[in-house]
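What follows is a pair of complexes built around subunit A, which joins subunit B in one and subunit C in the other.
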Partner chain A sequence: MIRHLFKLVWNRKRTSALLILEIFFSFLVVFVVATLGMYCWDNYKRPLGFSIKNVWQLRIETKKSDDQHTPEESATFARLLKEVKSFDAIESAAGAMGAPYEFGQYQSGMTIHHHDVTMEFNEVTPELKDVLGLRLVAGRWFQEGDEKLSWLPVVIDRDLARDAFGGQEAIGQRLDEPAPDGMKPKPGMRVIGVVDDFRRAGELSGPGNYRFDLKRLGNPDDRPGRIILVKVRSGTPASFEETLMARAQGVAPEWSFEVKPLTQLRESAFRLRLTPLIVGGIVAFFLLLMVGLGLIGVLWQNLLQRTREIGLRRATGASRAEVHRQVVMEQILLTTLGVFLGTVLVAQIPILDLIGFVSGRVFAGGLLVAMVSIYLLSILCALYPSAMAARVQPADALRYE
Partner chain B sequence: MIKNYLKVALKVLGRRKFFTFISLFGISVTLVVLMVATALLDQVFAPEAPEVHGDRTLGIYQVGLRSEQIAYTGFAGYGLLDRVLRNLTTEVPAVERTSILSVQSTAISYLDGKRVESWFKRTDGEFWRILDFQFLEGQPFSQDDEKNGHHVAVINASTRDRFFGGKPAVGKTIAIDGQTFRVVGVVKDVPVLRVVAFSDVWVPISTFKSSTYRKDYIGNFMAILLARSRADFPAIRSEVAARLKAAEAGIPNPEMYKWIFGGADTLLGAFSRVLFSTNSLADSHPERLLGVFLLLMMLFMILPTVNLVNINLSRILDRSSEIGVRKAFGASSWTLVGQFVVENVFLTLIGAGIGLILAAAVLSTLNASGAIPYSDLHLNGRVFLYGLGIALFFGLFSGVYPAWRMSKLHPVQALRGRQV
Partner chain C sequence: MIHLQEVSKLYRTDRVETTALDNINLDVGKGEFISVMGPSGCGKSTLLNLIGLLDEPTSGKVALDGKAIDRYGDRDLARVRNERLGFIFQQFHLVSDLSVVDNVEIPLLYRKMSNKERRRAALAALDRVGLSSRTRHFPTQLSGGQQQRVAIARAIVGRPGILLADEPTGNLDSQMGDEIMSILEDLNANEKTTIVMVTHDPRMAEKTHRVVRLFDGRQVQ
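Let's turn to the complex of A and B:
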């Protein structure tokens, strides 16, 4: 049976080759969109590592790069944080460089135990653990008196601990960031604690390494923070934003401020990541619809050309169901060839490790979705033309010229 | 001759309605996607109001500071731009005007306790003379307003609606970002895709809350330079490059950085500079960005093309007796290739016409949805021409192979209606 089908496909090799090519490209389109979708879904299911319930951000805009700051600015920031904490409506407040769901990030790279590790980092004050509800899994969090240490205490997330130290104990390990020539070297960093995986960029972002450095408020060497994250008591009205802004503006008249619940940042982060996916999905849908209609037309026309062949089969005793099955099986064979080519091509991604973020699970999921949808599309498109072909009367068919 | 081909083509289209439908569906879907993408790019890059002189404007958008070890790239600081542009118009007559403007940021106001977010941009007076805003009331602020730090603002129509309920706003005050400004003018909304002009509220740079920005080399400013003609671009570029080089002597933190990278670019060049020379920003290669656009278009077209080729091949079989007759009466293969390609291009153009109508519908839906703030996406002559070009290309691309296959039919077999 299979050999016979191959023969039929081979006899019409030029037409078949073009159909296989079309299926191949459709497969690639679905694979790309499905893999991106799988990637988002896979990330969404992972633990986030923090909670933004009742958390607002007070963003400070100094209109300057981070490279330069004056000791006065650092002092203003410390005063501002103290002032913000004094509100009754605020449970706790923490200073930081970056906020969850924000677009930009602070990146750092270093060599640990002879291999290169990149990570995102943030400089935070000790209150951050309460504000974002971080969960410590080993060691301790920052505490009073840490700012006076001769070294810089850091807390890392589980991903970084795994990546940097493998199975070894992370607590107490030293991290050394190379300082650019001419710059004052940062004090040596030492890991004091490990928190659960922390995915700052939000639910849809991939896993990544993260490091919290202690922001030492009294130290004029430390730059002022760009963000104050506040946890307000539940039931605080939105109008409190204005009060908070006015107070902040009073403390630092030279800076600009913006207050926003983090839920709003979360929304924009979702929109930013989902929009390309949705646009891609819509375009892919129309492409598939186009391919589907095209396949129906081509199959129909091809079968019309083969009326005599089908008539002969019917005359020699093949039932309608058998003709039907033959046509669908031929189509499945063509699809298999196209999907096979596509799979060989996309298999290069994990084999050659082309795209780092595609994990095995995401890849397999994308592949599965692509295969299932292409087979479904292809079989659906074969049903109508094959039903038409099966309806051919042997006598008419044999006469047909 | 062409007229005859078109007649035949029309007849064929009418004969097999289902095939005609699926061909046209594929063609128009393909062209809708490409035309919408073109309209988006057009809104970013084309010289249209308010960026009417976009075709003879150069800009200093992103710059980088470097040493052997580290690099910092970002928007330029006011100090650097001021130093580079000072006396440029008098010393280099090819430069008609220059302007410094900040990158827009969001600024907050509270109206009856409710937060209102607006885009906020600080500019000088020249900004209003390089760009051509449509003023609904009032007028722009001037270079004098900027010099003397007057707290005046130009707002767009949507901001007028939000703050003043759509009533005339000139002379009234607006509280934003903790400062108060007197409204001097109201302009028509500018689409967010017009990266240089876009904002909700425009105020003079000198109303900045602190004055430290005046010394910064890296910050959040950009500059635009209006040339007298495009022919002056090379001269202006090398002058700007020389001035950036000279400005290296004044880097505020020389212990960290030694060199400045960047230059005067067209908008396309600026995007390309950021995309393709991430670290050094050494050169802009606008042709690379164009290449990427073309490559993406071709990639997208592969599947529709294969689909159309398949459909066309099936249709040929349908017409084998016609081809047999033509061949038997002496038509050469080339004539038949020509005829079929013309037919296919004709079909593509009909599809393009449908696509154009659909694209207009998609664009107006996009505008109405507010997904892109103040977007004013539309099909203009330029987009139409691009669309026509894409359609012709698509028609040729998908017509040549089936035409060649058709011309290879053997007349005797073709007359008998045998398969190819």
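Let's turn to the complex of A and C:
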């Protein structure tokens, strides 16, 4: 019977092609949305690498770019950090160039053991470990006296350690970063510690390489930080933001400041990442609805045109159930062809390594969800028209004009 | 072999009730070749549909091989149609998207057979009606007479005991009609196939063993 149905589908190329094309495009849309959804879910389940409980961000606006700082500004930043730490309401405070969940990032690339490695990095003061609750898995974190070393100590996350050094011990490894045009080269870097995977962009972001450089507050060559992350004591009222801003403004009247809890940044980051997914999901849902209604209509029309053929099949020995099954099987066959084409196309993604950040597991999951959804839709859409076709009396079907 | 007892068929709509067949009693023996004649609308095709289990009588009893079929479910009716009956229609009813041999194979799709056996039987049936050279053609590439021969091959491919032909020569010229008729006569004479043929053509009816005449749904002869 399958061979017979395949011949029917093949010989009705024009009608079949339209249906296959419809199924093919629906499959692609569902695949994209499902893969994106699974990618986000997969990321959400991974450890984040930090905690933002009671952490606020004091953002500094100096109205200058990073490479235009003066030694006085670096000193002002150090003074500001000291002042912020002096509040009783603040458990600890750390200086940094960037904060978790922020949209901007510092990116760096270098060749390590003959292989190109890109990473995100941040310049931080030693208190960051306590502020964000970072977990060391090897080596040590920054400590007093590190700022006096002739080389720059760095702590990397587990992803970077794996990517850069594979199975080798990361602690003690040297990193040589080429200086960007017009900027002073950094002193040679050496890995002193490894922290758990650190996903600065938040729960929905994928794993990535991350490096913490020590911000040497006493060094006039080091640019001032752009952020102070403060961990406030539980129960600190929101009104403390005003007090903090006023104190900061007192220390650096020429700079402007903004205070935000990191939970607020987290919400924005979620909104930013989930909006396309939700919009895509809604579009995909309505698309599937339209495709489903379209499939029912096209199937219905096809079956009406084939009423006499159905009558003939009934006359020559097909039971109602067999007619019903034949229509559903034809639909499954068309769906298989559409899904096959779609799978061949999307299989190029891992083969050509077009989207490296999506893991094989997520990709396969997206593929499976798309397949199941499309088959389900197709079968559901075929059920009613096929039941109606099977219900016709053979004598009436043979007379149908 | 075929037994109809006080069979009536009414078609009801919201406003009108039409009697298509009224109290028909008919017996057709094994190996008989009968023709059913009568003016248009007298119930000939309805009678054939009832014998062929394509429709249900409003009242009365239809029996095949001594078994009343009124208690048969859909699956049993389909099996009887598949194994015992072969149909030939005036309109041929060939599936235009299938080749000649694939059309002939249709009844065998509903039997447990291998593809090879099915193909062998279909080719033998086409050989029987003299169409071995046209197996890969599509129905639209054939003449009316050839299409009807394909339909006959499809009707006999499953070796049914009974052939039901609804004006098989109605859409053909006299020469082609004669060709079709001679195939039916041959099937009846050599393979003892029971044939019930509806026809308007007295020339064709003369060639059968017996003529049943209907008028306004009633049997008049």
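Just so it is clear, the second predicted complex is superposed on the first by the 396 of 401 C-alpha atoms of A that agree within 3 Å, B and C clash if a C-alpha of one lies under 4 Å from a C-alpha of the other, contacts with A are read in each partner's own complex, and residues count from 1 in each chain.
Convention: a residue touches a chain if its C-beta (ideal position, glycine included) is under 8 Å from a C-beta of that chain, and two chains touch if they have at least 3 such contacts.
In this text the structure is predicted, and so the values were computed from the model without any measurement.
After superposition on the shared chain, which partner residues are touched by A:312: those of subunit B (first), subunit C (second), both, or neither?
Second partner only, subunit C.
Quick check on the superposed pair: does A:256 touch subunit B, subunit C, both, or neither? Answer first, second, both or neither.
The first partner, subunit B, only.
One more residue to check, A:216. First (subunit B), second (subunit C), both or neither?
So A:216 meets neither subunit B nor subunit C here.
Just subunit B (first), just subunit C (second), both, or neither: which does A:200 touch?
In the superposition, A:200 touches no partner, neither subunit B nor subunit C.
One more residue to check, A:3. First (subunit B), second (subunit C), both or neither?
The second partner, subunit C, only.
If you tally the residues of subunit A touched by each partner, is the higher count for subunit B or for subunit C?
It is B that touches the greater number of subunit A residues.
Which partner does A:158 contact after superposing on A: first (subunit B), second (subunit C), both, neither?
neither
Touching A:273, do we find subunit B (first), subunit C (second), both, or neither?
neither
Which subunit A residues contact subunit B in one complex and subunit C in the other?
The overlap between the subunit B and subunit C interfaces on subunit A comprises residues 12.
Mind pulling up the subunit C residues that touch subunit A in the complex?
Interface residues on the subunit C side: 46, 49, 52, 54-55, 74-75, 77-79, 81-83, 87, 89, 91, 93, 95, 97-99, 102, 105-107, 109-111, 115, 154, 158.
Once bound in the complex, which stretches of subunit B touch subunit A?
Answer in residue numbers: 18-19, 21-22, 25-26, 29-30, 33, 67-70, 72, 74, 77, 102, 105-108, 110, 113-115, 177-178, 208-210, 212-213, 216, 218-220, 252-253, 255-256, 302-304, 306-311, 313-315, 317-318, 371, 405, 416-417, 419-420.
Which residues of subunit A touch subunit B in their complex?
12, 14-15, 18-19, 21-22, 25-26, 29, 61, 63-65, 67-68, 180-183, 238-239, 241-242, 245, 249, 253-259, 275, 283, 286-287, 289-291, 293-294, 296-298, 301-302, 305, 401
Touching residues of subunit A toward subunit C in the complex: what are they?
The contact residues of subunit A facing subunit C are 1, 3-4, 7-8, 11-12, 308-309, 311-322, 393-395, 398.
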